[in-house]
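Presented below are the structures under discussion, each in the form of structure tokens.
Both of the next two complexes hold subunit A, though its partner changes from subunit B to subunit C.
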Partner chain A sequence: MNWTLFQPELYYFMVVMVFLTVSMLNSVSVKTNYYTALISAVIGVAVCTMSLRVNGTLFYNTYRVDLYSQLFKLMLAVGMFLVISVCNKLKSVDDSRHPEFYLLVATATLAMMMLTSAVHLLTIYICLELSSYSLYILVFLRKDQETGVNTALKYFLTGASASAVMLFGFALVYGKFPSIYLADLVESIPRFIDQPSVSIGMLLMLCGFFFKLGVFPFHFWLPDTYEGSANETTTFIATVSKVAAIAIMIRMVALIGGNSVYLIKVLIGISVITMTLGNLCAIAQQDLKRLLAYSSIAHAGYVLLGILCMSPNGYTGAVFYAVTILLLKFTCFMVVISISKKGESPSVDQLAGLHRRSPLLALALMLALFGLAGIPPTIGFSGKLLIFTAAMNNGYFLLVFIAMVNVVISLYYYLLVLKAAYLKEPVDDIQPLHVPFPQKVLTTALIITIVTIGIFPTYLIDLADAAVKYLM
Partner chain B sequence: MDITNAQFPFLSTILLVCIAGLLGILCTPGHRHSMIRWISTLCAGITMVLSAYLFFAYDKVTGGYQFAENIPWVPSMGIQYFNAVDGFSLPMLLLTGIVFFTGVLAMWDLEYRVKEFFGLIVLLVLGVYGMFMSLDLFFIFIWYDVSLFPMYLLIAVWGSTRKEYGAMKLTLYLLAGSALILPALVYIYTASGLNTFNVLALSQSGLFSTDQQKFLFILIYIGFGILAGIWPFHTWSPVGHVAAPTGVSMIHAGVLMKIGAFGVLRVGMFICPEGWQYWAHLMAVLATIGIVYGVFAGLQQTDLKYVIGYSSVSHMGIVGLGLATMTVEGLNGAVFQMFAHGIMTALFFSAVGYIYDHTHTKSIPELGGLTKIMPRATFYFIFAALTGIGVPCLASFWAELTVFISAFRTYPLYGTLAVCALAVSALYMLRVVQRTCYGPKNDKFAHIPDISLTRSIPRMILVSVIVLFGLFPSIMFDIIRTASTTFMNRL
Partner chain C sequence: MTTTAFTHPSVLAAVLTALPPFLAFVLIMLFLQRHRVLAAALAIGTSGLSLCTAVYLLVRHGSGVPAVQYQAEWLVSGNIKISAGAVLDPTSIFMLCVVTVICFLVQVYSLGYMAKDPGFSRYYAYMAFFEGAMTALVLSPSLLQLYVFWELVGLASYLLIGFWYEKFSASEAGKKAFVMTRLGDVAFLLGMLVLLSHLGNLDINELNSAGVINALSPGVLTMSVLLIFGGIIGKSAQFPLLTWLPDAMEGPTPVSALLHSATMVAAGVFLFARLFPLFSASSTAMSVCLAIGTISMLLTSTMAMVSRDIKKVWAYSTISQLGFMIMGLAAGGFVAGTFHLTTHAGFKALLFLCSGVFIHHYNTNDIFEMSRMGAKSLKIPMFFIIIAAAALAGIPPFSGFFSKELILMQLSGLDNPLWLAAGVIGAILTSYYSFRLIFILLRPGANMGAADRSIRTNSNTHGHHHDSRSEWLMGLPLLFLALVTVSIGFFQDQFSHLLSPEATADAAHAAEHISWLPFLAVGLCVSGALWAWVEYGRRGSAQIGIAERLPVIRALFAERWYMDKIYRWLLDHVIYGGVSRACATNDKKVIDGSLDSFARGAVDSGKILSKLHMTNIQAKLMSAFVIILLLALYSFFEA
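This part shows the complex of A and B:
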């Protein structure tokens, strides 16, 4: 067995072990914890970059390592680094719980990394549950116990039901073809895809991932969880967790979707409802995190639009879109964390006067919002263009049109947020926001990345293209 | 399509100067107002000189696309960075240069959030320049949106009179337009099967069936037409113009609305000529309604800026009518009208801007006898009004004349209606001039100083451009004709 294939996972396992030890010691200072986490995240990015081009299978073919999985692992590592970089204050988590926070972030990341490589139904299930359980506990970790328990319980109950539905789907498929290797299913499913048990089984299987991604009708947990968890936890769920969900969705659909007409129709319906519902609900939100949650739901709809094309172009678009969501959503949440005084969930009005309190953050927020609305020259536009082109190639003109109408609707509430940041004058405090130097560097880097990839998307498109080739 | 790249990339230089200006403004500390103003003026001046140079250096004998620059951008998707100018885009570049320069000068006295204002203005103009020179659908869409999104902040932060409402309405309307354009562009890209966004490659005949062209053209026409203020999608335009600050109104009414008409021409008519011919009648009807409606709505207004806003709707209707005639003269007139209207509106808004900044009112009944208080400022106002009416020997006259002559040939009824409406417009323009500039003067405003000579510079530039092209319209027509004849011959 070739252990170099398993490098990133081994590394993150080690990080988990370190934080497990630290959490038991209970004598390490907050600062040390933070820097340990930050350094290990940076090394993690390096490890994932080094193993980008490795290729092979592990564990009796239940685990596939290829450019596709490695690219997503890199994204996850970068995402974890970004999230940890804004955890320097971690205001809403009790100081003594910080090691556990990092521990759970690390286990969740590890589980998601394994999820991107899993090609065996049981492996998928185990990885998915490991990441979900880490998140349930992460959500629970709040100073404000009542909110923590409340939110975590809601999240856990919906999550557990989605898992149950997914397992039922596994059972149906397994009942039809006695194999749980995706490789075997690829060969048999397309021939039987029009049989009810198979197509329903397929759909139920996807439900688990729908839940992760926040697709209708499994989106109910999103706004509550976003609002109720610590800001840093929300950031992690909104970025890293979404990327992992997209990764496994693409892998599943690409391998066993088999161009089933029935499945495509259902996905089209779900995609349209998801994006429309997300955007319409977002308009009414006063709480910034709830608003971003509904915008996440809408974005899940766009991603689904790329996936349901079931063509390499569509998958490339979806992979590209994962990067988009990671960067743009993170930028928004970074601003949320910065303006929240005691770690509470800020309202949209709390952005008032941001352009004077911190012009840099205001600029970053503006670009991120325009990016989410898909306005060029940001990375968000390139992502949307790729997805729309793929959908148009399949002849879904109406679908593209509906998506564009949705983009216009979404622009309305993004502009409301922007208005709060740029036009409203704050009621009481107008002292400048303290943005530490490293965060300034990070923000500038994000701004540059968002615009640069928007203008020069070639490299990333080619990378995504190459990664998608391994799916087939 | 053997277009060789130019010796020197003039077009990219224009864009780079804007980008350099933008970066320069971003890096200047916010309190150094005069430095920011000088950077923007310098940037505007250089681009104006460059576009004027291109306008006069263009080889009219050879015609076609010149000063081309073609670099593959995203090879896997067939996106090219492809810039070139022809007889349609040169007048637009010149217009952008002039209005940008005068617009920056007109906002010289701004003191509130100077850095952000000029940064956004330069960004907006960067998009406009790019849109006029690009021949790649991908970039056309990018530049189109780049020029739109600064508008929200420009109006909402620095505007007046219901600014937040105006800004939101404008942004949503224009983005709704792009909701039609983007699917159409993506459809063109995928259905052609050429894997290219190159407008010239996509406009070769036989690529799209007649039905496809009909379908695509109407999407593109409405999508870009919203920005061009075609009736009944014009309602954002008076509201937005009224809410915007002077320099932004100038650039917006002067240049940005032309992007819409230019988009219809460059994307819609180039790629879907059969669709254009099919829908031309509808275009003519909507344009005529726009002309008549704009005039009568303008008649009712008591707010100076609303009067100009509705006159813009009416004048952009003339552009639409010209495009709908399907004749070389009609196209010539339409493009000339885009240019002339841009300069005229800029002058109009800058004159009204001065009046508003000092009297703090735009209401016609409150003003009066301004000639006695600020003779120079009212001169510019009256001059713009006369240009708008279409007084001979001023630029608009030739444009409107050409459009109407060809409209009479193709659509006698609409031509007649439009001319009658324009006669009424003379009535209301003169009424506005009479109420504000003559009559008893309002003593409240007696202390207001007249416009100083240095502040007059931008207005004088605009006046001289109007007179120059009014006296020598052939300079403009010769250039436009190179493109319009080629275009019509191809059909």
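This part shows the complex of A and C:
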């Protein structure tokens, strides 16, 4: 067995062990915790970068390591680094709980990394549950116990229901083909795809990932969880967790979707409802995090649009879109964390005067929102363009049209947020926002990345293309 | 014919002609707004450079170097190719020389005329901009490039007419010129699109080739040619879009000399000459052009007969002469039309510049007023203006005689004698109104009481103070133009030979047929001049013209045949009252209404939907399960 294939996972397992140890000690300061986490995240990015081009299978073919999984692992590592980099205050989590916070973040990341490589139904299930359970506890982990319990319970109930449905789907498929290796299913499923037990089984299987990604009808947890958990936790769920969900969605659909007409139709319906619902609900939100939650739901709809094309172009678009969501959503949440005074969930009005309090953050927010709305020259434009082009190539003109209308609707509430940040006069305090120097560097880097990839997306598209080739 | 190298000396010269004025414009606008001397020096310097390269091109290609065309692909879309570059053939080189010579002279003249104007630098910037655009227009090898610069000279014209923008009438006149020429340009654009959609190419050389012309069906050909002629009507102020040009006289006089008589308005005629083979291919279109030219010529001649504003007289005369050129071209006389374009540019610029001296000196545009203040004491300009008027009237040996005779000859070759008759009447009227003005200026008479105060230039703010240096600067260009006016007629043969060797033979052939034509031409202009003498120049004459004796006719002529009134009515009742109102209503009710209701619907449904999300977890989970169940059931219908 070639252990080098398993390097990133081993490294993150080690990180988990470190924080497990630390959480049992009492003497470690908040600062030390933060820097330990930050440094280990940076090393993690390096480890994932190094193992980007390795290739092979592990654990009796239940675990596949290829460019596709390694690319997503890199994204997850970068995402974890970004999230930890804004955890320097961690205002809404009790100081003594910080080691546990990092422990759970690392565990969730590890589980998600394994999820991207899993090609065995049970492995998938275990990884998914491991990451979900880490998140349930993360959500619960905040000073305000009552909110924490409330939110975590809602999240857990929805998640548990979704897993139950997914398990039922696994059972149906396993009942038909006595195999739980995706490789076997790939061969058998296309022949029986028209049988209700198979197609329903497939649909139910996907429900678990719908939950992760926040797709209708398993999207209910998103607004409550986003609003109710610590800002840093929300950031993690909105970025890293979404990337992992997209990764496994693409792999499942690509491997066993088998161009089932039924599945495509269902996915089309779900995609349209998801994006429309997300965008319409977002209009009515006053709370910034709730607004971003509904925006996440809408973006899940766009991603689904790329995936349901079941063509390499569509998958490339979806992979690209994962990067887009990671960067843009993170930038938005970074602003949320910065303007939140005591770790509370800020309202849209609280952005008032941001362009004077911190022009850099306001600029970053503007670019991120423009990117989410798909306005060039941001990375968001390239992402939407790829997905819409793929859909057009498949002849889904009406679908693209609906998506376009949705983009227009979404522009409305993104601009409302921008209006608050740029045009609204703050009610009382207009003292400048203190942005530490490292965060300034990070923000500038994000701005440059968002615009640069928007103008020169070729490298990333090629990488996504190459990764998608390993799916087939 | 086509060269791809930029190293060709002619191409380099062409670039050096067109590019420096643009650079001068940018530099003046950005850096030299406050440096009057530098701005003028830069503009005149680049103009001089353009003049030198133009003359170099004339000499080089005049001595037998074949025509050159340089093109680079600018836009490719499907099978439509748009190229940009420069074409150097006799037509473009002649026009280039005319443009650069007059530009240079007018800019030197302006040193005196505009000396005290606060917008001196801005004036030279616009002038340089105009020169760049006009030379690039002349050099264009494709219709699209020509169109781009056609619009840019239109912009320059707008800026220069409204140069004294603080004067309400000036800015109004600028707008009027812009809008009216735009009407024609829309037709021009449509014509180009028709050609483009049928040929996929707008290269002028190809449009003129027999193969392309044969490839078009006659209907399409006539339609596209007539649409392009619409652009010519707008730019050259022909009927029915002619009323903007008299109003354009609100600009400074040198501007009128340069843009609104010698060069820019001649761009329309130039375009006609450029596309002459294409136009000739459609006899219907040629007849329409002939008719439009004739109507414009006669109409504006009558207007010139009663005008008291010296610049308006020359403006009407410009339209009339442009109409005359179009008549010549439309009658098949390529050389006749272009030659008249060249001679006209010379003497009309001279007329305007001389008038500028009078206006500068007496601070009025009213000829009677000028005369009363002693216009004839300004000996030198008086002398030059008489030469120029004689050329305009067509008295030998001045340049106008030769070109006019050519056109009359061409008209006499047509089957229908009506055209020749119209030409003859036009020639008499031209002679009449030119000498009417001269005699009025020469003889301060009894008609003073009626001095029309409304046409005094109210240019006190632009202080026309004169000193000897400025008059000297204004005098030199006059002298040069007068020399050109006197001499250019004798180069008719060389001109026609260079321009089109075959046509010379034709012309000589035709001349044998009608040997009486020169005498007719001389007779016409002399009789016109005599008529003017009887009414205005004769000792004891009342200085009231025949047209002025009949109030109805006088009003008709003075009100420009009520064209402005008719346009105003049409504008108010048809455009504003009908079309605009319908569009505004549509915009407000249909477009805004539907968008607003869509937006309101989105917001309202968003509120309802997000309220639905406020329920407890049981309801949410239940609905999720129900939806999944329904989706699962759906598979039985699909499979």
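By definition in this document, the second predicted complex is superposed on the first by the 472 of 472 C-alpha atoms of A that agree within 3 Å, B and C clash if a C-alpha of one lies under 4 Å from a C-alpha of the other, contacts with A are read in each partner's own complex, and residues count from 1 in each chain.
Keep in mind that, in the parts below, a residue touches a chain if its C-beta (ideal position, glycine included) is under 8 Å from a C-beta of that chain, and two chains touch if they have at least 3 such contacts.
Every value quoted in this text rests on a predicted model; they were computed, and no experiment measured them.
J.: Do subunit B and subunit C fit side by side on subunit A after the overlay, or clash?
T.: Once both complexes are aligned on subunit A, subunit B and subunit C clash.
J.: Once chain A of both complexes is superposed, is A:V400 in touch with subunit B (first), subunit C (second), both, or neither?
T.: Only subunit B is touched by A:V400; subunit C is not.
J.: Does the superposition put A:L385 against subunit B (first), subunit C (second), both, or neither?
T.: It touches subunit B, and subunit C stays clear.
J.: Applying the touch criterion given at the start, work out whether A:L326 contacts subunit B, subunit C, both or neither, answering first, second, both or neither.
T.: neither
J.: In the superposed arrangement, which partner chain does A:P223 touch: subunit B (first), subunit C (second), both, or neither?
T.: In the superposition, A:P223 touches subunit C alone.
J.: State whether A:D465 touches subunit B only (first), subunit C only (second), both chains, or neither.
T.: A:D465: touches subunit B, not subunit C.
J.: Looking at the overlay, does A:A284 come into contact with subunit B only (first), subunit C only (second), both, or neither?
T.: second
J.: Between subunit B (first) and subunit C (second), which does A:Y412 come into contact with in this model arrangement: first, second, both, or neither?
T.: A:Y412 contacts both subunit B and subunit C.
J.: After lining up the shared chain so the two structures overlap, which partner does A:L157 touch, if you call subunit B first and subunit C second: first, second, both or neither?
T.: Touch partner of A:L157: subunit C, not subunit B.
J.: Between the stretches 58-66, 94-102, 184-192 or 454-462, which region of subunit C is in steric conflict with subunit B after the superposition?
T.: 184-192
J.: Identify the residues of subunit A that lie in both the subunit B contact region and the subunit C contact region.
T.: 412
J.: Which positions of subunit A touch subunit C when the two form their complex?
T.: Checking each residue of subunit A against subunit C gives 153-154, 157-158, 161, 165, 194-196, 199-200, 203-204, 207, 216-218, 220, 223, 261-262, 265-266, 269-270, 277, 279-285, 294, 409, 412.
J.: Per the contact definition, I'd like the list of subunit C residues that touch subunit A in the complex.
T.: Residues of subunit C touching subunit A: 599, 602-603, 605-607, 609-611, 613, 617, 620-621, 623-625, 627-628, 631-632, 634-636, 638-639.
J.: For the complex, give me every residue of subunit A touching subunit B.
T.: 355, 359, 370, 375-377, 381, 385, 388-389, 392-393, 397, 400-401, 404-405, 407-408, 411-412, 415, 418-419, 422-423, 456-458, 461-462, 465
J.: Note which residues of subunit B are touching subunit A in the complex, please.
T.: Contacts found on subunit B: 30, 73-77, 116, 138, 141-142, 145-146, 149, 152-153, 156-157, 164, 168, 171-172, 175-176, 178-180, 182-183, 186-187, 189-191.
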